[in-house]
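What follows is chain A paired twice: with chain B in the first complex and chain C in the second.
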Partner chain A sequence: MASQDHSNDRSQDRSRAGPIAMAPVAALLVVGFLVPLVLVAWLSLMPERTFGLDAGLTGANYVTAVRDGYVVPLGWSLAFAAATTAICLLVSWPMAKVLARRGSAFALTVTILVALPIFVSESVRLFGTSLFLMPRGGILAGSVNALFGIQIGSILYTKTATLVGLVYVYLPFALFPMILGLAQVPRDQVDAARDLGASGWQVLREVELPNAMPGLLIGGLLVFVLAFGANTEANVLGGQSVAVITKSIDQRFSYAQDWPLGSALTILVAAITAAVVFPVLARIDLDRLLRR
Partner chain B sequence: MSDRSGPGVAPATSASAARTADGGEPALSLVGVTRVFGGSRAVDAVDLEIREGEFFTIVGPSGSGKSTLLRMLAGLDRPSAGDILLRGRRVNDVPANARPTAMVFQSLALFDHMSVGDNIAFALKMRGVARLERMERARALLDVVHLPAAYIDKPVTQCSGGERQRVALARALASDPEILFFDEPLSAIDNRLRKLLQVEIKELHRRTGKTFVYITHALEEAMVMSDRVALMRAGRIVQVAPPLEIYDRPTSRFVAEFMGEVNVWRAVREAGAVTLPELGLAFPSETIPAPEGFLVARPEKLALLREGGAAPATIAGTIVDEFVLGSRKQIHLRPDGAGESARERPTVFGEIPADAAAPGPGARVRLGLAFADCRFVTE
Partner chain C sequence: MSAGDPTREGETLRRAFTALVVVLLYLPIVSVVLASLANTRYMIFPHRVWTIDAYREAIGQYTTADLHATSLKIALLVAILAVALAVPGALAFARFRWRGRRLYQRALLLPIFFPQPVLGLALLVALSAAGIVPDWRTAVFAHLVWVVPIATLVISIRLYGFDPAQEEAAYDLGATRLQAFREVTLPAIAPGIVSGALFAFLLSWSNLPLSMYTTGADTTLPEWLYSRMATNYSPQVPAIAVLSVGASALAVAAFLLARGLWRRAASSPATRATS
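Now for the complex of A and B:
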């Protein structure tokens, strides 16, 4: 009997251990995420250009958001996010396939090289890219001119440059989950598929993609969400060529001093993000990916 | 088995009979097939002919290169040297998906994200067969491997070990391959189920008439199922023969010892006799084809001698251990001998009836042995 009581105690300890371990993160999320989000949501329902939270509820800001053409920057942000996600996934796939074969020194070196830029500030890297892409005296154009005597143009301050920057910055976020995902593809299943007559494409579709899907989806989501909320790439590399929604939000809060409209735009971005993330997340078996 | 002939003599055997019976082109021919990994030769200059419709088993301890060999036959790996001929056509560079063969993997390698039906019909899907037709065929195959038709929509992850084995078998059959490869598929299941599936695979072989190439490390499994057995050791084939011949006439100590507990004694040819120095025995007026080598004798060839009974050679000693095998039991005998030489004497394995009157551990017995019941090997 005594030992049974003891084990009962322990299982109760364990059931208490969960909430206790979660408490610090939970507190942080409530203070840093939930409260601000509720505040912003509330503020978005205030009349325009008010700063108080008690001016009476209205949906006018959302009407303004649509009527004043904020759909355009929203659309650009979505387009950039979608394109960045697609390119990152496509570029990562072959590389992840090589790196997922664990154990080689080559794989480790490449992984470190890919991860290294993450430790350098994003702005610093983007200004570096900007220098690289400068016309005439820029690193790329200047070198080509000096070496081959050819004058080339520049993509700096275009939408293309923005996209290049987004892909460059967010590629690791697609790559690493994808490596995790591809490590889940059983080697013998690939062999079996080949043995049963599958071509390379069929192996990809029937065995590799389904098995690697959790990693693929997580990587895709990370890139999409980060790129959708990105601002610096468009600012530094896109110049005046494109306005993304985060820039509009920034302007509403700062120059325009219209917090309620800025909040409404923020809520729109959050709603779209949620509409993309939650359905995808529901399909991912996280336990499997983390090998639990 | 006592009517088998003596050492070194090769009478007409079932092997040569089978060879002449089937004059057609072999299903698979291997000519000097070699696979090198780094510096080591996993498969070393293997020559082999596997006949049409044959149940051919490759047996060997782990690391003997048998799986590597099978992967090359299936097209999942390429030989470093040598040729693989499929019905006379060189297939070295033909990838797995273009070979008319199918494999049952050791791990089974089922597609866990698919249903039983989709697993079985996979090969047909790859060929572009329409779904309805695929499922029709999958249903028929479920019946062939004795699984209920209702399993067709069941996730394969919800199947038991034995059911998964059957799904893997059905999946390999679905492509209607000319040759089926088995890479130790029964090594991870319990004994009863293994016996059952052995029978079913054997029956499947009879029914389909296809060529089966089976790999196992369990010789017992090879003996039960195969038409012919190849023994593999360190990348080389050491003997190819029907199971009984492998059992009765091993060509080397390795083969003899792989078949289970067996007596192997050093044998020396002397003037007018063959002597066994380890036992202090001699067979007068017998000879062996080499100055020195080994005599191999199965335990059941050593007969228990009654009081006053005689045999060409007798080994007296004390029973130290016994293992009941059913109606018979194997005994481990410590041969008599004095002083230093006693320690060098090998334990002798014999087999006697396991009745109530039979001597047990501690009893002193004499075992008789005829030279004709021994097999001579040089290495």
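Now for the complex of A and C:
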């Protein structure tokens, strides 16, 4: 009886411990994430080319955003994000099946090899990609020419190169959650389905996909959102061939000095991101996914 | 599995595909190394002369040291502060049961599921509204907004694997809350804390999109590389890129060493136990 009371005390204690423990992180998120976004939203309602925050509210920037054709870069960013997500998921699936196997030396080595480049700066990796793809004296074209005496073309500064860069940079973000997800697939269920005569396709659809779905969703979502807001890939590898929305936003803030219009575009990007992120996050059981 | 099993054939194919993708992932990094071994202003590969002159020049330059120093002080501060915030943050995420936990778990993910250049710009707007002139310290703050949630997740994964009954046992033996945390929980999640710090350090070290908008007049390595890629190319640019990667590799090596030492200390008998 006494020990019962004691443990009740403690669980009550713990329900207070949660809010206290999360307070510093919550403060950071409010000051560093929520407040800046609210400020940007407010600034987006200011008249064009003003810098103050008290010039009277207007929706003019959103009208300008649509009228001046910012829908085009927005569309390109969405298209790149969708294509990047699809390719990353397709490439990750067979890899994740290999890497989700525990106790395999091959899987462990490859997992480490795939993880390491995440910590090499995007600028270094994209720089390397452009050096590799450069026409004539580039690593690829130069090597082919030296070895076979053939002059090959280059995809550098095209939309294709941008897509290659996006897939390259964001592949690990699809792969690692997918490995977590596939680790949830019970091995005996797959074996049982096979023993009962299920085809490979049926196993995939009835057993593997449903079990791995949380990991797939998280990975796909992460790639989509990050690729949607990416601008470095398009700048470094796409050159002048394509304008993505974050590049347009950057130009509004820097060269054009039109912060309210830049803010309105920022809010559009944030709203689309939220519309994609919220429904998925609401559905996922994080405790289950992260617990080994 | 019997011989001639179709699943085994599939496995071999999948392994070959995986190996191919890994090779492709490293081509750009290899390309940077190859490009750094030239002495010509324009890259014409294969180089007529292979040399490490670019490294000699780069190492002697003030810029190289200055860039590394800026990136290093930002990344170190980010690692320390991120862990300080993420340890309690992870306890609230994975360990404590409290009302609002589900909401907190999801709110924490939002900065990760958000385009970084957009976050950087939003922070720039906020700084300007607050009248703060951006420099390397504001970049530390910007990195934290993105890194703390990641460090919290890394430590949480470790916490999920920790059995709370161990802590209960300590309470039953008369330990106070602080004692139980220090003697039982902390050692158990220490590997997660070290990984969290390493993640924070490396992610800050290599970050471009947040630094781009929040460092003001200061310049980090990734920013400098980004600006020099297009204009003013010379073999020194890839050489400094290689040096920066080498520096982060050193951090990883230090981490592995620390972990090895920790394991040895933890497995050696009779360190704590009593008192």
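Here, the second predicted complex is superposed on the first by the 282 of 292 C-alpha atoms of A that agree within 3 Å, B and C clash if a C-alpha of one lies under 4 Å from a C-alpha of the other, contacts with A are read in each partner's own complex, and residues count from 1 in each chain.
The definition used in the following text is that a residue touches a chain if its C-beta (ideal position, glycine included) is under 8 Å from a C-beta of that chain, and two chains touch if they have at least 3 such contacts.
All of these numbers come straight from a predicted model, not from anything done at the bench.
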Between chain B (first) and chain C (second), which, if any, makes contact with A:Ser248: first, second, both or neither?
-> neither
So, does A:Thr162 touch the first partner chain B, the second partner chain C, both, or neither?
-> neither
Name the contact category of A:Asn211: first (chain B only), second (chain C only), both, or neither.
-> first
Of chain B and chain C, which one touches more of chain A's residues?
-> C
For A:Leu126, is the partner it touches chain B (first), chain C (second), both, or none of the two (neither)?
-> second
Residues of chain A at both interfaces, chain B in one complex, chain C in the other | 194
Please give the residue numbers of chain A that touch chain C in the complex, ascending.
-> 10-11, 13-26, 28-29, 32-33, 35-37, 39-40, 43, 51, 53, 91, 94-95, 97-99, 106, 110, 113-114, 116-117, 119-132, 134, 136-139, 141-143, 146, 168, 171, 194, 200, 221-222, 225-226, 228-232, 236, 246, 249-250, 253, 259, 262-263, 266, 269-270, 273, 277, 281-282, 286-287, 290-292
Note which residues of chain C are touching chain A in the complex, please.
-> 6-7, 10-11, 13-15, 17-19, 21-22, 24-32, 34-35, 42-46, 84-86, 88-89, 91-94, 96-101, 104-119, 121-126, 128-129, 141-142, 144-145, 148-149, 152-153, 156-157, 160-161, 171, 177, 202-203, 205-209, 221-223, 225-226, 229-230, 237-238, 241, 244-245, 248, 252
For chain A, which residues count as touching chain B in their complex?
-> 186, 188-189, 191-199, 202, 206-207, 210-211
As the complex stands, chain B meets chain A at residues 74-76, 95-98, 101-103, 105, 107, 109-113, 122-123, 125-127, 171-172, 174-175
